[in-house]
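Two complexes come next, and they have one chain in common, chain A, joined by chain B in the first and chain C in the second.
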Partner chain A sequence: MKVFMIPPNSLILYDLVERFGHQPLSLMGELREHVVKPEIESPPLNLSQEDIMNGLKYAGIEVPSGVRGRLGIWGPMVDEAEAAIIMHDMPYTFGCVGCHRTNLMLIYMVRRKKIPILEVHYPKTDEEAKVMVTKIKAFLEGLK
Partner chain B sequence: MTIKIAQLSCGTEYSGIQSEIDHAADTVGGKMVYPDVAFDDIKRSVDEFGFNPASPQLQLMIARAKSLADGHYDADAVFIATCFRCAEGALVRNEVRRYIQEHTKLPVVTYSFTERLKAAQLLTRMEALVTIVEKKELLARERQVGLTAGIDSGSSTTKAMILRDNEIIGKYWTPTGPVLETGLEVLEKALAEAGVKQSELDGIGVTGYGRFLIGKKLGAKLIQEELTVNSKGAVWLADRQKGEATIIDIGGMDNKAITVRDGIPDNFTMGGICAGASGRFLEMVTKRLKVPIEDLGALADKGDWKKVNMNSYCSVFGIQDLVTSLAAGNTIEDVAAAACHSVAEQVYMQQLQEIDVRQPVIQVGGTSLISGLVKAVGDMVGSKPIIPKHSQYIGSAGAALLASGFLEGI
Partner chain C sequence: MIVIAPSSDLTPDQVARFIHSLGLDINIKETCYGANIEGPKGQVRKALTEVRKLDPNRIFSKVRAFPIGDERRCRAHHGSRPGFNQVEKEWKDLSMIDAGLCAADRGEICELPPPPEKLPVKRLREIVDEVTK
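After this line comes the complex of A and B, so read on.
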């Protein structure tokens, strides 16, 4: 199944999803497509005005361009998702996302989809980490 | 009967505009009400809703929306408003609007405000909300009966139409000058074309910005805001009275996007912050290009908008882009195409995001006669809009049609 992750650039969640036999919807993959497109010259991410306009499907013009630009990339991934894992309270280093407003909207969009969702909190101890991984493993193994 | 309008909002008190909102509702026979929620309900509602904004007042807004949707609070219509330029507010506002529409049948209007709230625009929205609730039977009218006239006193042009037994027998339009005189002039000319006298009319309906002035002078049976009247006129002229549709009216001063179900509006947005997204901008472009506005569409059809950089939110900067493009050697065809594309893009960005566009799209108003703009709107919404015959007369057609609803015994 195609599994969306929040934060969408978490390497740890990506690895877990892939390890348990599913397809992680990868922000890195999406951005790679952009970065290697030779015809666009808008470094570092090569986001064009068209990408930001695509974000209008998810948020109106009054919403800042950075939110719309993020949603322009992540929104279609959410549309594609068949399951999702949401991590709450993660530190900066777990997945650099940068915009709280986008995160709020992203979580809402995932919840609206009525797909299987696992919501977990970032572990503070080794024991909590083991519990979290066990939960994720059980969730991913349960997906059909 | 007082129409209860549930207010779901954030920031109105501290923007100093709450009294304006109350006043607008009061003026049109409505009353702002605030769905009751208990403290404990707020967290539960937010959790169930799934969007957890940091701002407590937005959380309260969500809880109130849930209270309405769950039937715990009774209201006739919903007014959803947040501060202009608040990202969190804009996100919540739109999702609450969607939620209310998915879970209730209440008419909804959304609004983003600044401290300089435009009283006339707010009044039009409130009036439309109240009209949808109060005059549902009138708005359901599909046929015109008797001999009636409709006048649409718009910001750029004033139009009149005479209808007899559901047929158009006279019409006339002219640029708006002094409001009353222009209204009387178009009525006189339309009556002359129809070959009837004003004294023979069974009723008159008036809409548009000058509706109160003209309507009072003529003793009109119907004096009504343009959102409901125009949508009625649009579905009547397009012969799309049944089912769903989206009406796009790019006007001289503001734009309207209205969704209808069986000819009755259930959601609308009305923009007017920037002239760069209105017909006025196209007028300015034609003046600068020294071409008649009637020729702009055909010119745009021949041009390529991609060759010109014109994506301004403001008419002044838009004209600067135009001047720069012409100086750089772009053809007037390309500039005309870019101007049409720019207006369509801004209508798409600023307004069509606040409603869920339903097919078919019916494009109306004077600007719907500019083929280049119609093509640009079609590119944006992904389908070719329907342009009804006499599409510039929607307001006057709708006013004449609805005015006939007051005729008893016909």
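After this line comes the complex of A and C, so read on.
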């Protein structure tokens, strides 16, 4: 099954989803298609007009362009998702997942979609990590 | 992108040499956190499967958007590294995830202890009375 993850560029979630036999829908995989295609229209990331218009499907015109631009890439992934794992308490707010409003919007979009969702928290101790990993394992093994 | 957990005894050099020794038709770049490999999908998958066998619960992987040595990201070309903070943070957590995977392998049933109960008002009154006496 195609499993969407939040944060969409998480190494931990990507590895666990793949390890337990599902296909992770990741930001990196989606962007790879953009950055390796022979396109010189809009370097460096080759985001085109079409991607921006895609973003409008998920957020209104009055929404900040950063949110719309991100949703232009992430939105189609949510559409494609058959299950999702959300990892809360992201202790960082920078880089490509640095827009908190987009993250909130993304969580809202995923929750609104009628798919199996698992919500966990970033672990701070070994005990919490054990709980998190066993929950994710049980969730992924339960998906058909 | 292959990332070695901090709890592993493997070094990026060992991993890179091991992948070289497989004789696959892929590009390999040793990095500070592990190695980046690139090539035909089947070959990359094969390399990954073999590398994981070295230390199954302490070797992690994910796909990387930019090719190896891409000028937009490669440090040698002063590329920007917006994803580095994410990798750094999650790399630090990998030893905990390793503990989690080992527990899952053993079939442990893990549950967090219930949060501590709130102090009842009656008990609070008793404490206040004791202090004010």
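Simple rule for what comes next: the second predicted complex is superposed on the first by the 136 of 144 C-alpha atoms of A that agree within 3 Å, B and C clash if a C-alpha of one lies under 4 Å from a C-alpha of the other, contacts with A are read in each partner's own complex, and residues count from 1 in each chain.
Everything below uses one rule, namely that a contact is a pair of C-beta atoms (placed from the backbone, for glycine too) under 8 Å apart; a residue touches a chain by one contact, two chains touch by 3 or more.
Owing to the predicted nature of the structure, the values given are computational and were not obtained by experimental measurement.
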* In the superposed arrangement, does A:67 touch chain B (first), chain C (second), both or neither? -> first
* To do: Report the partner of chain A that touches more of its residues: chain B or chain C.
  => C
* First, second, both or neither for A:53, with chain B first and chain C second -> first
* Asked: Between chain B (first) and chain C (second), which, if any, makes contact with A:18: first, second, both or neither?
  -> second
* Asked: Looking at the overlay, does A:105 come into contact with chain B only (first), chain C only (second), both, or neither?
  -> first
* To do: Check the residue A:121 against both partner chains and state whether it touches chain B (first), chain C (second), both, or neither.
  => neither
* Just chain B (first), just chain C (second), both, or neither: which does A:131 touch? -> second
* **First, second, both or neither for A:32, with chain B first and chain C second** => second
* Using the touch rule from the top, collect the residues of chain A that touch chain C in their complex. => 7, 9-12, 14-16, 18, 26-29, 31-32, 34-36, 43-44, 91-92, 94-97, 122-123, 125-134, 137
* **Contact set on chain B toward chain A in their complex** => 50-54, 84-88, 90-91, 94-95, 112, 311, 348-350, 353-354
* Structure fact -> Given the complex, residues on chain C that touch chain A span 1, 3, 60-67, 70, 72, 82-87, 89-91, 93-94, 96-97, 99-101, 103-104, 108-112
* Contacting residues of chain A [partner chain B, same complex] -> 49, 53, 56, 59-64, 67, 100-101, 104-105, 107-108, 111-112
